[in-house]
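The following pair of complexes shares a single chain, chain A, combined with chain B in the former and chain C in the latter.
And now, the complex of A and B:
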């Protein structure tokens, strides 16, 4: 029970890393809190549902489609909303209000389009994709179904989301530390005013980061029907709260701290489910309060926030 | 002399009826809440749509007959969206009573959103028309201001299930039961009832796993592993629709095959569960058999077939699935219709008296409407059924308990 909970916690935490990654990137670059983050995840989930239902597109390619589509959506949305917000006296606080409003609009429009009932994608779809990829590596057909890891069996979706999450973290890392755009992004994260003074096109950098943030949320959304049971237009708010807890645990503004925050959340959640199941859903809030009291800057503190 | 007396009495009754009709309000205000979003939307919207269907039908006929005024009066629906939030619901119930001054107060669907209405209605001395809030603690001897219309009270829902497990279970080899439930009034009460029934049976059946989880739980993988570790012969999952969807999907995705698996909503919102979980995962699952699958002989209102046709015609473009909850909303309307046709006034306790007087006599597409002394619904049945796929993969819900209602043989253990 202990080993299973631990391993499940790591996999579950990796999924929440993927969820929190985009939120933290946006905060790190723009110092604004995207309270509609969970709603963009929900939209990604409905995009995957729609692609599967209408065109039988497997969720794995849907991850790439959702990511690209929402990066494209994010760019104009940034220019529509954020520059005006940043001109305000207290953009951080105003961002709460603006994105809360956006969250409500997204939820309402999605409810009109899809209704209120739960929607899902068949659970074996991710298993099929994993089996197909594994079949290429081992050279023979691999059976679909749950995946065995270190003697423990997990749903294929958990493994798939863990892999994609790890891949996403790697890409964000490479973007931030190995590309010119990434260097500029880190410069903006470190000090926005100095970045402007040195001639960096801060809005272009921020727009790209905003787009990537939404893209990551949408990519995480593709796994939501598998990791969160089902999807509904109202799921966004709860996801936002949990992902906010995850990034605060790791460190606000530090995308890589999200990995730590996600894994700590995942492991704690699974142990709570195993040993104190009735109290499991209090965990994000308890962790949030504990971190804010003990180490307000998050576990990874200022080091990477100052990049 | 006798003729004169009869004439005088007749004249008096005509005059009174005329005066009553003249005093009649232009409309009956029916206040209710619904959840168009959030966790309970999928159980709230079908109930609300069912109630609306009844209201629209009555208004198309010129209104509902109100005995107190001896005429048909149109119903004005005052409905607010509580978005599945109990805090919002509490505010809106108060608004319906104090600001809108509704004549009839109808609760939102489900125990969670009804739980806040019960004390508010009681404080304001409003008789709460509880549609599907089945928590047993809502109905107490000291509260005359609530009655359950369309679902059995939670404490009797699992009686057939527990009876099956304790009577036929040991013979089939079912001795170890695992129970996982969501900690809310609806399923928490059912869990308590299961524990009680098993304990009182002295059948040798024991609960080897008994855990509660928050209603918001959406991932059960670790819990399933823990249940499997307890080596149960039967697994009972008691939760709302979203819980059942997540639980049954996780069972399938984890590759676990429990010998006996029971959950509530496959029998209640079959269409929704089939869409989300799939026929393969529902095959051999045990559930409650509701009025969706029991063809009750209705003596009032539409039959199941007529109602289903009317629903699908009215809500053809809707995203709301037809199920037991949509029947519940319509049943609420039918009980109200009979109640208004019986009550001598629109006073709240008179309405209560009228509705209680229907107990055991009103038979609708939802079965017999019967209340206990405290307002809990006890007339409707919840037999135990099992989904079994035919050759065309189409699922059929077979009633397996009680024996007198059984229409097929159960499959145990699950292949």
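And now, the complex of A and C:
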């Protein structure tokens, strides 16, 4: 039970990291709060659903499609909304309200288009993807079904989501720390004014970060039917709160903190599910408040912001 | 005539008189009651967000605490509603006191932690393990104290007191001090303002308003579920109403509730998705093009809006 909860917690933690990462990137670069984050995740889930239903596209390649599609959506959306918002007196607070409005628009349009019925993708699809990949390594055909890791059996969907999420997080790390654009992005995160003074095109960097943020949300959405339950237009709000818990635990504006936050969140979530399931829903909130009170800017926060 | 008295006569009196007369003319009393509740909540948000700049995303937590404080007193101790009401408000203030450490957090951290606190309270109240005390997720029924007329009058009295408080803030040293803290806490401290104390007083006042509103709401509807009184939409509606009219003014939030909640009831009930779409677009346009609210249009021409 203990090992099982711990390992399942890590798998979920990697997935929660992927959910929170995009939100944190947007906050870190632009100091705005994307309250519509969960709704972009919901759109990604719908994209994966239609790709599967209409063209029988397996969810694993759908991750890449969703990511690219929403990076392309994010770029114009940035120029439409954010530069104007940043000119206001208190952009951080106003962004809450602006993106709440956006989340309402997305939810309403999705409801008008698809209705409120619940949708899902068959769970064995991810198992097939794992079996196909494993088959290449082993050299013969592999049975689909639950996956065994270190003597514990997990649903294939969990393992696939965990692995792909971990891989995506790795890619974001490589982007931020090994490419020129990522280097500039970190400069803007560190100090926006100095970045402008150095001659960095802050709007271009921010637009790319915004696009990647939405892309990551949509990519995470592809696994939502397996990890979070069925897809409905109204699922976004709850996801947004979860991703906040994850990134605030790690610390806002620090992408590496999100990994820590996600894994801590995932593990405590699984332990609560195993040992105190009736109080498990309370966990994200209590964890969030407790950590904030001990460390007002999250676990990996560097300094306390103005009092 | 001092500005304070003038504002009382020109704003508070007409609002109270209109809401006192309307039930005789218009038959949907529940709708009128909701108007009063939202006006009270929007002013409560105004006290904390408009005057201090802290955006409490979990404001509904105080509303819910008030509703449950009221209901548990009426349910278990059979106290008369007018006695249970202050107890509910006290529950909200106690919650606010408990949350004062959140002021160590700045900006978005504060808002999110506050939201988490409200959601945590919802999870506690609606937990099936506490069914004997809070009725868990099955909801509360207060048929014994149901009294729509008296609760309407009480709600109106609460709105009047709230408006009085905001008018006081708008015209007093205290309100000016709060706005100074909002603009620049360090300079305000140097000018001799006790930043921590004043901020916490505003916070407790704002929670008190929501607690009273929650209690009287519970009394008026008398049958409700935890999700009804802890619905985050209460917070968001109140914030949007206050912001749409104009924060840190008396008339702004009133205007916001009349216009937006009016539209909501005209379109929102029959076709919720289209209303939601319209509403979302309206909110976005508001933030992008009119971030200081409707009254800022007048202020731009140099007119002092109360």
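Rule of thumb we're sticking to: the second predicted complex is superposed on the first by the 302 of 307 C-alpha atoms of A that agree within 3 Å, B and C clash if a C-alpha of one lies under 4 Å from a C-alpha of the other, contacts with A are read in each partner's own complex, and residues count from 1 in each chain.
Heads up, the rule we're going with is that a contact is a pair of C-beta atoms (placed from the backbone, for glycine too) under 8 Å apart; a residue touches a chain by one contact, two chains touch by 3 or more.
Computed from a predicted structure; not experimentally measured.
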When chain B and chain C are modelled together on chain A, clash or fit: clash
Touching partner for A:278 - first (chain B), second (chain C), both, neither: both
Contacts of A:5 with chain B and chain C, given as first, second, both or neither: first
First, second, both or neither for A:107, with chain B first and chain C second: both
Chain B versus chain C as contact partner of A:120, first or second or both or neither: first
Partner chain in contact with A:193 - chain B first, chain C second, else both or neither: neither
Touching partner for A:88 - first (chain B), second (chain C), both, neither: second
Chain B clash site on chain C (candidates 40-48, 58-66, 94-102 or 220-228): 220-228
Shared chain A surface residues [contacts with chain B and with chain C]: 107-108, 111, 278-279, 281
Chain A - residues contacting chain C, complex: 27, 33, 81, 84-85, 88-90, 92-94, 96-98, 100-109, 111-112, 237, 241, 244-245, 248, 252, 278-279, 281-282, 284-286, 288-289, 292-293, 296-297, 304-307
Touching residues (chain side chain A, partner chain B) in the complex: 1, 4-5, 8, 12, 107-108, 111, 114-120, 122-124, 127, 145-146, 153-158, 226-230, 232-234, 238, 270, 273-274, 277-281
Chain A-facing residues of chain C, complex: 49, 53, 55, 57, 101-102, 104-109, 111-113, 115-117, 119-120, 123-124, 127-129, 185, 232, 236, 239-240, 243, 273-274, 276-277, 279-284, 286-288, 291-292
Chain B - residues contacting chain A, complex: 35-39, 41-42, 45, 83-84, 183, 211-214, 216-219, 221-223, 225-226, 229, 241-243, 245-247, 249-250, 252-255, 272, 275-278, 281, 318-321
